[in-house]
């Protein structure tokens, strides 16, 4: 059964149709990349999946449940986590505090006015694991807003992971990064996908990253699906080449 | 590394608060002034729970402050002459109103939230001001007095003994402030911090932001109405001015002046504001210009507040 | 001058001083006084200088200042100089008024407390002053309770009770304007008691009440009340509003042409309000508590001239309230030969103000058992123009206070003296 | 009763026109600069006092023509010297700044013109009722409504037909694009602020003819203006106009049946609007958060 199913999702802004009857289904453990030229509606599509706003029409199913009208926080509760094109973190807190908040919320403690020693120990342990996984341990006590861009992005991904998601949505994880940083992030995503069998959907501009990581690729153009398939199939698809790769090249 | 100075600061603040009635006179103050600093300080700290630690600007907190005051005054006058009961009813009134209003406005943000809180604050002002037969209108609620505190073993005279009343306020202050401090250090407090820092991130961590803003608003108003009850007891009187919007503005400037990002900042801000107002208004009838100018100067030159500046210089 | 607050404006030095360290100057304060040797006798005035009542509060302040100068020129209080400490109580914030009262009593150790224009604040202050046992004179807060139900041994009042004003004006009102009354009454204690007073006095004279409205304090638009009033077809529309409410109500009534169809009149009227009205709206029968144009009464002209010299304007009833209150302090102390509050209160109770303070045909006195000053009341007509530019009121009858005051039982005051 | 109701409906419109004038000025500033101008009431009073001072020399009509512009000039200076520094910062700061300015205004006005109400003359041809049947229709009241309507019309023409107006509207919708297009946003905001203050000054000159002129004349009008903006919808000037008229009307009708709830009714309206439609009647989506 597919983990995520999108059926004919459409989103209009006034007269503009940003996403036009897009359907997609993602299998458990799959890494799906969504590509397309600027203005193709990729981020809008992501926003529909994660619940930033509801679709004008169409349905979204997550592990068999209709989540079309659910709030983002409910979707997070069901196991959906995302990052943003422009990193969304808590800049005036340290990396450790950032992760602590994520871990505590994930442990259902967001409204708890106290913390028992036992739970606290577990939370600390989990924070250290995540810091270590992202390679952030040496910088854990610095304000995350002062860290290099790549580390900020890593911290954001780690916060998403703290939620123990079943589906991770990454919006251009390598945007604005240098080669080394891009490489590190790519390795991290690969590791998550391979080691933890995490289902990931990502939007990406960097074709090296896409072809390196993706199991399948969905191509959007002008809000509609232009094609879908394995990296090889997409690379050979003439329409895709004409509309997108050709232009990019 | 910052931990030791923080503890030292906290200790110093408590020491000052504990001894205040004994040296107030020597520096040209009076006990009532100390009590006032404490009450308004509590109000500003309560406001800052929402403003500084949840990142939501309410410009209408005087409404809940005033509701607390009216609740306490009317309870003691009409229901039962008991100071603790007055406080309880006052806090309950303010908190209940905050629950209802909070539910209406938790979806709003930024300037819009501020504006709506002001406008809703005025609802209560007009009720107090216009509903003469119940609230006494512009004349306020008079003809009652705070009552002695009966502890079973001993009776504490809060009315005739200024110092006893000061320590009574200090006790209430200590309880409220400790509760706030514990809340802010809990996972719940960190969730609020997350909303302040980045609402979108908080939401996509699975935090129902509106519900938490509502909670924070209610908690903040609960404490501010406690301050309001103490204010009524301090004056043995309450009137609609206690819940008008200029009072709300004063709370905000106290918080900003002391430093919104620090726990104790608003208390310091309240102390500076109260003493300054007390001093200036005795020396010139144009004190409003000075207070206004003071607002302008704080905004232009000390937006981070006193503690913000000290912290920058690494002193706190 | 011994007044702490500068009379006008902000000069740069005040500004700098105030902006400088707040604590330091306060510390310095007491020492300077101590260094001068004998401490002056202190009178604390806790009265509005900002907000709705700023104008009348300021006039009371001017009266206080003049009295203080005269007192000091005549040798002070018990041979010591007198000093006036002024605090702005604001117009309605009880918190501030009470705080300032405590500050004056507790820190500044004033021998006398004066205030407040706002009756509610006057009551709140009276709580403080009676708790602390300080002689307290209310210059201009009218609500009956101050020297009625909640009277205190230490609280005296210069201005009239609303009942006295009602008793004074009613006969003329009925004679001039008729018996069918419609009330426009401000919805707070002062308005309620003034209307009740008029109804009581009118009842004796056979009036009929054809209707009335309680208008919220601070009402700006009176038109809907006026339209109801004219529909009731009274002989006279009685305006009991004060200050800005009075100005708004009368201004609008005249704009609607109601003055041509009904009598417009009321109870208490003040020169401050008439001055704020356009000439065509200065109409109607009213009672003044003091008026400056009393050509045949000795000392009045001196007083008027002295105030004119200070401010360029004639004194109002408010100026006189402040003046008489401050003088009462000196008279009480000098009469009792002591600054002990109980002794002074005993001396002041029953005391007749000397003509140069009383400034009216019959000498005003503080009634024993109530501590209420019993002065003359001035009933007459508002006028657009009089003999002099500031002569906006034509006194037709001077009522004796003793005739208007009613009996002591009626006031509801049960005085308790400390044992 | 019919007469009473009729009158109060008319009266509500007058009051509503006032609220709308005030609120439109506030709204202009809020939309383009994100500043809640607490000092708006102070500017209103300033306008009235300037007119009061000028009338002996230039007459009522001269005062009416000059005073609002003079007020706007003061507004521009204030914007240029103080408020401009706070653009782009947390709205908290501009709120506190204008709050402080409101204090200063009240005090300075009192220092200059005194705390006591001053008599403010209106021309005799306007100060008489039109007929004895409808005695409440005075020339002045009709004139006020007419002028307010005219000014609002002019405002919308300016916004829709002139270059400045279109830039203001564009800036309200999307400030970044406007600045990218090479329009000087700073000057735009200053002029816009001046326009808003002009409306406040005009409202002041008109109000003084009906109410007693004293330093706090503006305070009772500023809260209803906030409510008008909230009810009408943030970011929408037609909404603000609608909101102003609606709450004026509601207050007018309530005055017939339940006078002491005259103010309360507009807050009830606000509560209802927020409950049903948080962005206000004509508000744009997304403006709220």
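Every chain is named by a letter (A, B, C and D) in the order it is written, and numbering of its residues begins at 1.
Rule of thumb we're sticking to: a contact is a pair of C-beta atoms (placed from the backbone, for glycine too) under 8 Å apart; a residue touches a chain by one contact, two chains touch by 3 or more.
As the structure is a prediction and not an experimental result, all values here were calculated from the model.
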Centrality ranking, top chain (CA atoms only)
B
Chain of greatest Cα-centre distance to chain C:
A
Taking each chain's centre as the mean position of its Cα atoms, how many Å separate chain B from chain D?
32
Roughly how many whole angstrom separate the Cα centroids of chain A and chain D?
48
List the centre-to-centre spacing of chain B and chain C in whole Å, with centres computed as mean CA coordinates.
35
Intercentroid distance (Cα basis), chain C paired with chain A, Å:
74
Do you know which chain B residues sit against two or more other chains?
130, 132, 286-289
Mark out which residues of chain C touch at least two other chains, giving numbers and ranges.
9-10, 50, 58, 187, 214, 216
Which parts of chain A, given as residue numbers and ranges, touch two or more other chains?
none
Identify every two-chain combination in which the chains touch.
A-B, B-C, B-D, C-D
Which chain B residues qualify as touching chain D in the complex?
51, 57, 59, 104-105, 107-112, 114-116, 118-120, 122-123, 126-127, 130-132, 245-246, 249, 252-253, 256, 286-289, 291-296, 298-300, 303
Could you please specify the touching residues of chain B with respect to chain A in the complex?
182-183, 186-188, 190-191, 193-194, 197-198, 200-209, 212, 215
Can you tell me which positions in chain B touch chain C when the two form their complex?
25, 27-33, 36, 129-130, 132, 136-140, 142-143, 145, 159-160, 162, 231, 234-242, 275-276, 278-290
Parts of chain A lying in touch with chain B, wherever the complex brings them together:
50, 71-73, 76-77, 81-82, 84, 88-93, 97, 100-102, 104-106, 109-115, 156, 159-160, 162-163
Quick check: in the complex, which residue numbers of chain D touch chain B?
30, 34, 36, 38, 82, 85-86, 89-97, 99-108, 111, 223, 226-227, 229-230, 234, 260-261, 263-264, 267, 270-271, 274-275, 278, 287-289
